[in-house]
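Each chain carries a letter (A, B and C) given by its place in the written order, and its residues are counted from 1.
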């Protein structure tokens, strides 16, 4: 095993080992647990830094383990994996800080942080998976690792939400598994290849390939919350805020979207998928999801539920980008992988802050929170405006490139979808901002927490949303600067469309 | 002096960030100073490239941009002084200051921006921040105005976004150039007209304007009606292929739209009783006039060099005058001293707006004459003449209302008054600086009949007050909106009658599912396997399976 | 002395000694367990190097003498029984606290192990019959150790059905002897013809073994017998005894009688397997008690293993067949380890709560994190989630089904997977409630760790590090 093959493994182990160790930590050992958490998160970040540098310079990092004949566990890092890995590593660090602050005084912390780390390990595994079987393995592991997080609170609601989550994801997992095996039985064992590896299969397999795509998409669509497979997501909102943040911004939903990207670009190849007529299907599903999610979000009073439906809608931008032929749309879709992540995690952090500090859980209770918690509300506003697509926040860049790509591909209807989506986003986000900033605050908050630091809430809760909100702003403002998400995604697109 | 350009937008932003500091209440007054400096000092037609910012940023000033920056910065400064003094120590005063500075930043930034993305950035920032200005008062009427404004502004922004993306795709870059804009397709042009048309108050996209401009505090109304509304024209002049190729169909369309706007806004404005609403309708009418001229430009590329300059002059004139009118109205309402001077100033501004000789209005009208002369239809000149007559009437109506306004004098309007005086001076000096003596006279042909007509109307209403009551306030501000509101109410009623059905259906379904789940899980059936443990059954199964196996092996 | 003989005689000797010194039964038993496990390891090591072993007992060669044989297939099962028996034995040494119970447990336990090892290593039909009979007797006796009325009744039924099974098997053996004059597996395998006699013999033997393997719909005896036995015994019963019967079916079908298998017969077995998967999983889902759930899950798993038979039928010898057989072994091994871990953990839960009614397990499950973790790991392997060995087995099984165009088995497997996920998580969800937080992860290392390790081996060990197993079975991975 060389150093180059060690790096992907080390990136996974950097959260796996602390995760397993945390299970053994006694409940009262705050310090040790925190130390393990932070050591893992920082190590991972450092390793990912090395990886970014290496992949940028064209180094190949690959580790292989034979599981069975024709079944290999492959970890390899290409530009696309780096995008997802760095997103998860960065946001994991922030979320860990937040989670430590959020759950400081709640039960079962060792169990929580253990599974939290396992969840990130699985996510990173998904990012680094070098072939479809490996992807499936980590994808299922992610399901397993997130289930305890969703059920963590232990209330009947939480257990119910977790059960629904599981029912959806495991069913999706079965579809994905069957699709992956069927594909392998046609193509033989293959690694992910830029441009796909199926285009030289014989014409006779056309029907089978379409069916396989549908199966795989069904499997991935569950996690990516494509309508009508999205039902689990609003239900799993019962989880603690850091989990929702992680679920929505980084881990679960993104794993599905990332899988769709892999499927389109590195398994089928976008041109071949287009030739099979599959992109139309994907685009239609994504558009439907974008509009449906926003419409449902409009009707929600629960803040987290509204955000959840917003996720349903926003994540499908990624699928939409993948469904349009051409490098520019690819850029728009992929960059939203990062942009949606940082914006949505900001929103969930803020929602968590309102809940934890003031006991505010519903939109209708948010009158005047801007006066009580101005910094949190500022971060929330940035995230929300970004979601609408207001420049210079990150979401604008995604929408701009999606629009450009759509026109390039002569798919003008996408502009209409984008426009409608922006309007709907505004319709469910702006009233929140209006309440928060302009309405008078009530005499007493539903359940104000006695713990309060120097600022409006504890530092560990305040800094993470501020930092991610700054990311949202910077990702948009410095979009054309080197090593910005956009620039990195352009690198991926250049490699995908030679 | 190119380094001044980034400051144009950043400085007010910085101010907005510092507003929460108690002692810095005066910040709004100084927000536009770098812009003023840049307008005077920055070199023309050179640009500052910041490739790492957004999707590649280019800042710069061309001739039109300088004119825009100059009058916009001037107006914001005067309004800023007014705002700072008015809001000092008021409830939510600092919130107002933040939104004021944010809108200022957006407005100024889009003028110096030479690329599509930054133009949109400024436009969006200005549009959203204005919402905070419109609803500042917090009354139900303010909130309604804000809602209407926000909904329409968002529609406009979304359409503009789509147009900009299309243009960027057409150009292949985000920095527009006249040559690159040649051959722009109809979809892009249509969306651009739609997107900016909302901001411009182009009929039928104008109903928000007579609601929102009066709803805001005076300083905000001044910049809304004076500066921000003009942005649409700037966008059109920059992004339409003007002077590159003739677009007669679009020209006709714009001309028609301008005429409709004029024809709608002036009569409706005349029957209003709130002076701010009258001014807002006058703004709509003026924008209609400008749209009419733009239509002529679009149809005839040869007019472009002259026409753009003329439009710039006209816009500058209108911005200063309209801003001055609003601010003067504010002084009329609130200032405790020097009311005769205020009234005299208002009179001067009203005359200027009506295009009286020796005023800026006369110069602006004179400049725009060649455009009018080349209009497609000969009767357009007549229509414009009629509109000038109506404008005079409208201004007379405004003065009439302003004089009889209910006053609430407050202390502390000395500095804003002085600033307003300065603005008046600028308006007065406008013809001397910018116009040849030949243009000072303007076109008294419409003014004198107008004044006479106004006097006539005054006499009539004095004789039969019922006549006035029959007209005044018969059309609510936001005219067309009154037609749409019932539709919304019907839709709501429909939804309210349908919702219980839907909800009941969903609940029935959920209950049925829950019953099924209970039937399956909650009452376990008696162990069905007991049967499998009875010896006769075991024996039978054993025999049957043996037989099956045997048959299968021998088959 | 040969390793093959040691693997059989050592546990026998241990059983004898434990019977002679009841007071020292536990130390003796543990020592014998360790030695037996070492002997098994030795056998595996030799097979690893030599490929196949054959030992003619007393120097008499077939057809006169009896032989012990070992190949990769049997070595793998030998390893499984060593791991499970060792782990369960360790667990039992704490689980049975009284000397009296220990004295009763260890001799039977070692006898069971001896029977298992002898079964895996037997080279002729008659020896197999003897080991089967011995296995049935000791299993029933062990199952009745708890001595509750239900346990006695269930295990009596188990004993009688086991006898019926062995006798049916014996009938088949008699036919073989009449037809070929020998009982040696290899010699019979070379001599069989596609005539009615051999077919009848195979049908009879399969029928007998199906009874013992609790193949649907002959599985009625299993749930009460396994659910009422003490935890370490249930673990061995479910993980080993039932698997041993299936091992023999696989031996006969894939090896000795392979040319006789008709597509009809294979499809029949597949169909019964499908029935077992669906019915067993469904019953497990509806089970009210944890151990009943585990028992029904065993029924489902035997069914899943049967699904390999129709796919292997007619598959010519070669890499594809070897791989599929290896996948079968991997799946069986994973299930064995996982099931033993599950039963051991269930025993701990039952002891801590005083009952094993799933609906009321909440607080207990949360109080015992390591045990719940074991349940989870074992559950993941039972469902066939990655990275367990069952996942890999399932992958190869589905691949084979798709390649052979028999997609209906895929549907069965998919449904089975979902049902098993439902019953596993029905238990696991009890661990999430608002009871107080446990202070530490492991509370009783001597019982919790063996269970955890067995489950971990099933989930991670056989999944990620299965390469040695492939090598043992003579398949080159990738």
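We take it that contacts are C-beta pairs under 8 Å (C-beta built on N, C-alpha and C of every residue); 3 or more make two chains touch, one makes a residue touch a chain.
The shown structure was predicted, so the numbers you read here are calculated from the model rather than taken from an experiment.
Top-ranked chain pair, ordered by C-beta pairs in contact, is A-C.
Among the chains in view, A has its Cα centre nearest the centre of the complete protein Cα set.
Between the Cα centres of subunit A and subunit C there is a gap of 42 Å. Centroids of subunit B and subunit C (each the mean of its C-alpha atoms) stand 78 Å apart. If you average the Cα atoms of subunit A and of subunit B, the two centres end up 37 Å apart. Contact with two or more other chains is made by no residue of subunit B. For subunit C, the set of residues touching two or more other chains is empty.
The part of subunit A that touches subunit C in the complex is made up of residues 23-24, 26-28, 65-73, 107-111, 133, 136-138, 140-141, 143-144, 147-148, 151-155, 158-159, 162-163, 166-167, 170-171, 173-174, 177-178, 181-182, 184-185, 189.
Residues 385, 389-392, 397, 399-400, 403-404, 407-408, 412, 415, 418-419, 422-423, 426, 430, 437-438, 476-482, 486 of subunit A are the ones that touch subunit B when the two sit in their complex. Subunit C meets subunit A in the complex at residues 319, 323, 326-327, 330, 366, 369, 373, 376, 380, 383, 385-387, 391-392, 394-396, 398-399, 402-403, 410, 414, 417-418, 421-422, 425, 428-429, 432-442, 463-464, 466-467, 470, 475-478. Listing the residues of subunit B that touch subunit C in their complex gives 521, 524-525, 529, 531-533, 537-538, 541-542, 545-546, 548-555.
Of all residues in subunit B, only 51-56, 95, 117, 120-121, 124-125, 128, 132, 135, 138, 150, 154-155, 158-159, 161-162, 165-166, 168-169, 187 touch subunit A in the complex they form.
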